[in-house]
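Below are two complexes that have chain A in common, paired first with chain B and then with chain C.
Right after this comes the complex of A and B.
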């Protein structure tokens, strides 16, 4: 949205490989993304397309072995995280970049109280003493809308509901006021009503602090609701990236069109009888990705060329790029 | 949960009784267990030897009271050593995985396939049989089980999201291993450590029985060992110390069982 000046986070050429049984799989292939301060970037795609791996790679937490970041740059506030020493990274993790995980039920340590877990980050990064950290923990719990935080701070994770736990996770992630927050499907495990509350909370926090937000989801509805820009991922690649409004009004990649078509429209006639749409076929396994476009075998508009050769990124409009042979030469 | 199990509480009461007799007994009842106080092989209820005397005329009751210290010390200390080695090796193997895991597990298997009693005997005979060497020998031969258990727990727990969440806030490896994963792995390890005490007590008795215990320190194993040739004619010299060993191991096992019920979340739901 802001766009001006140096971006908060700039990823280019990021590749991640997994090795196993003598073979290697490219789970991320030449990924490029940009996030500005005060902007929400959505990353959307099916399971296994590399969304979560991108998030882990940003913090250099790709499980290794078997994973390995094989190339690219991840420039955060002017510093390439892939070149930074481990010591420096530990300081970035949880301090400058916060992360919220998918499963609030398993993301909290069951043997520690909520307060202990919140305090840990604060003591480590902000060098607070334990009393100040506790006071700040209570403030944070209040900030994420947990009732009776003075009491909750001494409770254990199993005493909280899923929505509450996710709020605690968010409180942990924003404790040190990070410049960038990565939320990896933060509401997948939650009820729809709780989902709405969590998104409202994230929106509020972003507006208040001006941080950048990366929201990973597979839900186009969430993308429409929450994000400023979207990156659509498929088979470990970013196949389309554009401002959210453009993606919704003029999706360029057949895969993006498919994703949007799959969202049931409550106002449309389909509700009263029509079938729900789906994208036929399966996501290709990362162990044998095709040489050409990974979407080719599911694409209704595939051409012989699609199978043979990976299409390069084509810029369609300001901030809108797509990797598809259909748009070759449509460069604006 | 533990308190609700009568068996476990029984075990705890029994162990406390044995500890009291062994720790406080020698302070109240002052005597030398190696002193000759009665005719050799006096039967129970003889003058000066209420539970009988052994072939050298030493009082069996005094032996029981004084012998507990050595047996229990060896049991606890050897179990502690074996648990510390086992957790250290298992944790490192489970957390790092890959080559480190391979090497450490082959090393563990090497110790596991050695007949442990023979190995302990070799260690004790190589050095002089003092309380310390006995403790070390038992500790060194009995850690592989704990190592495997710890490794399995670490392999499982390191995949949980809260470990990833911990990494994502910049925690160090040491913190993650010892402060995040280990506390979550403790319940089965506590049970295994308790049972290790019982095993170590039996080990000490076996070594002493074979004459490889510390000969200058009275222990229940030593009592049985020194009287074994008179087992058939003078039952009292071996039966009473044997009973003490049996009760101690039983008490420890009952406690271990109770802890397992109390700490195992899968069993917890059944009640």
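Right after this comes the complex of A and C.
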């Protein structure tokens, strides 16, 4: 099944608010995303743009209080997770939807062996007995490319390198053969040669199981290499969404263009010590988001209207939408 | 190349491991193991490598923030290897350090103006009035508003904090600025601002940089010369354009190939050279080439004898048995 029929995950109108000091901050605003089986969706943006919050909201893990999902639908395999009872969600988390976090160092329990931690989800969700869970744990460690899994299964996290620990995290996430895997900056803490190994593993696993993958990153190179479609987030909103090839060849939002251009390019012809394109300023605080476009104060092409009014989404081409006044009336 | 401002020969920084069993031999971490390079005045040497390669220890050794085991460090014609105490402290006026983490490298209880002024106070440079004037000048030079001198570090963003770090390092007007991953902890969009600032300062003040990074693309952007480190040693050293046009060492080739790029996309990932495993431990490393265990083109001889760092093309040095000069041509084992 390649995107035919109903999508695996469909998010619409998702809003999350945080309350504190008598004020509320809208950290996610009308977020809409779709992921099909056997597809990789990239979510890209700076920190504080709502990427990780979107991932947490999908699993209803928004810390509450102070956070609260105030609206929207998260339909996973035909079921709205926002309406589902908590008991049902426990069955979804770590079973139907797997998650890999950014920090492999802090996401593993230091006082339990790798095997204990892997077995826990298998016993809970797949109702395996401890002997079967251990055998399956060894298989999983083997599947993610850990040498001597029979020995490693009895070791503790501190005995493994960073890359190995991230492999263990992946093994835990895929243990119950999830239909959707959410990977939040899975390689940020790792060296590039190890990053390359982890990405290859994720590509392989996706091809083998046909699961959907959401990959959160800030690196446009990773987007180019790993994803089929991209959502660019800024100020808690999806400001542009398109097939990866389209967004890289014809980025429409000034923020997307900035993200591509502000990073030194290894493929560039000989550089002359020239300056990089800068995105001036910084991400706005969620506590005082402007009422217009959140990017307006950093945008070189901002017009008076941008500050006053949030632009609606404009569809530029099949599957390519952008929220920017520059493209008003460019509807295809 | 102009006369070198900094000249390092056979630098070694070894650490003794704490040991608990008196019957076992004491283990040594060979963090930096025979590193030599020159940095020309007003140029940038980029040191690139993965975690554990020893690049940060080289920098810390130069400033003698860690004890140097052996080797020679000459800065501006003065041999600083043997300097101690007060003499060394004054030598630090000529070389300053910009740390990676803009959060932990600033004292949270000290106001921004005083942070930037502190090297002048410590080294006793200028009168109090001159110091104040210098601080204002530095705030302007790094693009911070003068009125922000009264603020505390937490009132600044990550990018602004790194500007504070740079201003503090520039305060005593050093000749050499050692930047250790100065943009790694910053958000992508902020990195460009800081890299541009460092480039502007170089053009304006003629500062010499030792720029340490794990990011090949950043090094390509800022460096005039590149040194690649692996497990405590330099495995390749070359001018920027020669290096990026044709890296010679298999590790350099693999490291470059591992970087995902916007233009390369999926095809680049498919052509990628796969390195298996992690770098080995710098505790009692193997006798031969340190990269041999992960090298896709290693031969039995590579595991036996350590290759020398050889100048195969004028200016381009490589530590590999398998790279050969055949007449005027260079034969690379991996490309």
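Quick note on the criterion: the second predicted complex is superposed on the first by the 325 of 332 C-alpha atoms of A that agree within 3 Å, B and C clash if a C-alpha of one lies under 4 Å from a C-alpha of the other, contacts with A are read in each partner's own complex, and residues count from 1 in each chain.
In this section, a residue touches a chain if its C-beta (ideal position, glycine included) is under 8 Å from a C-beta of that chain, and two chains touch if they have at least 3 such contacts.
Worth saying up front: this structure is predicted, and the values here are computed from it rather than measured.
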| item | value |
| --- | --- |
| Room on chain A for both chain B and chain C (clash or fit) | fit |
| Touching partner for A:110 - first (chain B), second (chain C), both, neither | first |
| Which of chain B and chain C A:27 touches, first, second, both or neither | neither |
| First, second, both or neither for A:143, with chain B first and chain C second | neither |
| Touched partner set for A:222, first chain B, second chain C, both or neither | second |
| Chain A-centred angle between chain C and chain B, computed on Cα centres after superposition, in steps of 10 ° | 80 |
| Greater residue coverage of chain A in the superposed arrangement, chain B or chain C | C |
| Touching partner for A:92 - first (chain B), second (chain C), both, neither | first |
| Chain B versus chain C as contact partner of A:322, first or second or both or neither | neither |
| Minimum distance between Cα atoms of chain B and chain C in the superposition (Å) | 8 |
| Residue numbers on chain A that touch chain B, as the complex places them | 59, 61, 65, 89-95, 98-99, 101-103, 106-111, 120-121, 124-125, 169, 172 |
| In the complex with chain C, residue positions of chain A that touch it | 46-47, 161-164, 191-197, 199-200, 203, 218-226, 244, 248, 258-260, 262-268, 270-271, 273, 275-280, 282-283 |
| Chain A contact footprint on chain B (complex, rising order) | 97-98, 160-162, 164-172, 180, 183-184 |
| Complex contacts: residues of chain C adjacent to chain A | 50-51, 157, 159, 187-193, 195-196, 199-200, 203, 214-218, 220-222, 241, 244, 254-256, 258-266, 268-269, 272, 274-276, 278 |
